[in-house]
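Below you'll find the structures, each written out as structure tokens.
In the two assemblies presented below, chain A is common to both, partnered first by chain B and then by chain C.
Let's turn to the complex of A and B:
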């Protein structure tokens, strides 16, 4: 579908082509205010999609918990490295 | 259903001063700027679909065109084996703990999920019903207020009729008063005029009588005794002549 040409700055990340990625990153707002706004926007999107509904399932909270588990494993990896069974893989 | 519990305990969280609550309140204030009058859209019925509790459906739809239905499962298996073989995921005592905790959690969710969900739904229903009730009461009271207002307007119209009747009364009073006074004026004027007429009549009569009396008096005064004797003698002579005349008539 060929819509009218959209300037790079307004595209969402999924619509940006690989070649346009640096210019797209250049248009993003990296000031502290901008960072906070982007974090807030992300939180709102997640909240309104999975939690702020009439019949929410377990997915909304479970995904957050799974993400927390994965992130904490990642942060502890340097310590867990020493529990490896074999030295060479 | 945990999401539902989150929603149910949402107000409690909002009252606490946590970061999440601040974000929620900020999001609420971001949602409705002071100028927008549009009604708030209702909550969506179901959230985004999630498969097996932790994988969003978007992943499966992303991979479906290229790899079909089993694609993401293959991806998952491959990733798992890769992480195990390269020991990016290390099997240690924590794995065992995680496995047991995971088993208990999954058992709990499968068994008690629906009941907790219906309980949370009931709580939500009650909240909504309460809010609806408040709204209904407000609507009925306002409708009642409208009815009362209309009745008052109708009464105000009736008051116009009252004023008209009163105005009529006052006009009638004024009219009768006016006529009374008019009548009084005419009668007074007539009385005065009658008085004047009577006065004039009296005057004339008195003048007449006085004049007659005066003339009589003067005439009587002017009759001297000599004249009186002559007149009496004449009268007797006349009477004799008359008597002769009548005698003659009677015998003829």
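Let's turn to the complex of A and C:
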């Protein structure tokens, strides 16, 4: 089945094929305003999908916190990798 | 085993951005703006309920002039509680363990209460320096003591917050290391230590909330004296 060809710039990230990725990145807006808008858009998508629902549970916030823990671990990895079991300190 | 137990209090940098920047901006993400709907989602309802109860409780000792501070004090409380509770998660960084941050909160707010008191009602504000009913002989000495206690308030506010949190985090790390090391050798003792660790974690959760509350409460009291 042949889909109607869509210009690369209008596709969402999940629909972009790997080979088209550099050209897709070239069309994105990397100015500070553009970055802020993309962050805000991403946050609102997450919020409206997981938290702003009628019977939201703990999952929405828990995923956010788990991501924060993982990010903190990544941030501190250089620092923590010296913590190892040693016989002599 | 950690080489140095104080390493957890250093703010690590990654790609030139210190982790404290992420830790300080996270509370902003966790408290979304209420929409204009009548019924919000569960998260916002819970937060709104808590904030309402807290503000009502906090504004009890203040007269009308002090009510102008309501937004500031409530947001301080929310910010401090969130920072601390987030700091209890593993691998995270607690910004309130840094004395510089706590002094940055304490000194301007305390100074504002003092200046407001001295500006609006200077006699009453200065009158606080001498408690009623002191013997005449003790008056000069007591004025010096009261002035000193007034001047040391910001230091006490900041250091109280820093010291409580730092001590709590250190204790958790020490006991956790002890339990971890004892596990292959004496399992029973390790289980006891693990129980202590569990209780300590509960305590830390409580301390986190209480410390934030105490900070804000003292500010309201200072405000009450001076408004």
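In this text, the second predicted complex is superposed on the first by the 83 of 89 C-alpha atoms of A that agree within 3 Å, B and C clash if a C-alpha of one lies under 4 Å from a C-alpha of the other, contacts with A are read in each partner's own complex, and residues count from 1 in each chain.
The definition used in the following text is that a contact is a pair of C-beta atoms (placed from the backbone, for glycine too) under 8 Å apart; a residue touches a chain by one contact, two chains touch by 3 or more.
What you are looking at is a predicted structure, and each value in this text was computed from that prediction instead of being measured.
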**Prompt:** After lining up the shared chain so the two structures overlap, which partner does A:17 touch, if you call chain B first and chain C second: first, second, both or neither?
**Reply:** neither
**Message:** Once chain A of both complexes is superposed, is A:63 in touch with chain B (first), chain C (second), both, or neither?
**Reply:** first
**Request:** Would you sort A:53 into first (chain B), second (chain C), both or neither based on which partner it touches?
**Result:** both
**Item:** Partner chain in contact with A:71 - chain B first, chain C second, else both or neither
**Value:** second
**Asked** Just chain B (first), just chain C (second), both, or neither: which does A:43 touch?
**Response** both
**Request:** Take the contacts of chain A with chain B and those with chain C, and give the residues found in both.
**Result:** 43, 47, 51-56, 60-61, 69, 73, 80, 83-86, 89
**Complete:** Contacts from chain B onto chain A in the complex sit at residues 1-4, 6-7, 23-24, 26-27, 30, 43-50, 53-54, 56, 85-87, 89-92, 94, 98, 109, 113, 117, 121, 124
**Item:** Residue ranges of chain A in contact with chain B within the complex
**Value:** 40, 43-44, 47, 49-63, 66, 69, 73, 80-81, 83-86, 89
**Asked** Which residues of chain C touch chain A in the complex?
**Response** 1-3, 7, 10, 12, 14, 19, 22-23, 26, 29-30, 32, 35, 41-43, 86, 89-93
**chain A residues touching chain C - in the complex, by the definition given at the top** = 43, 47, 51-56, 60-61, 64-65, 68-69, 71-76, 78-80, 82-86, 89
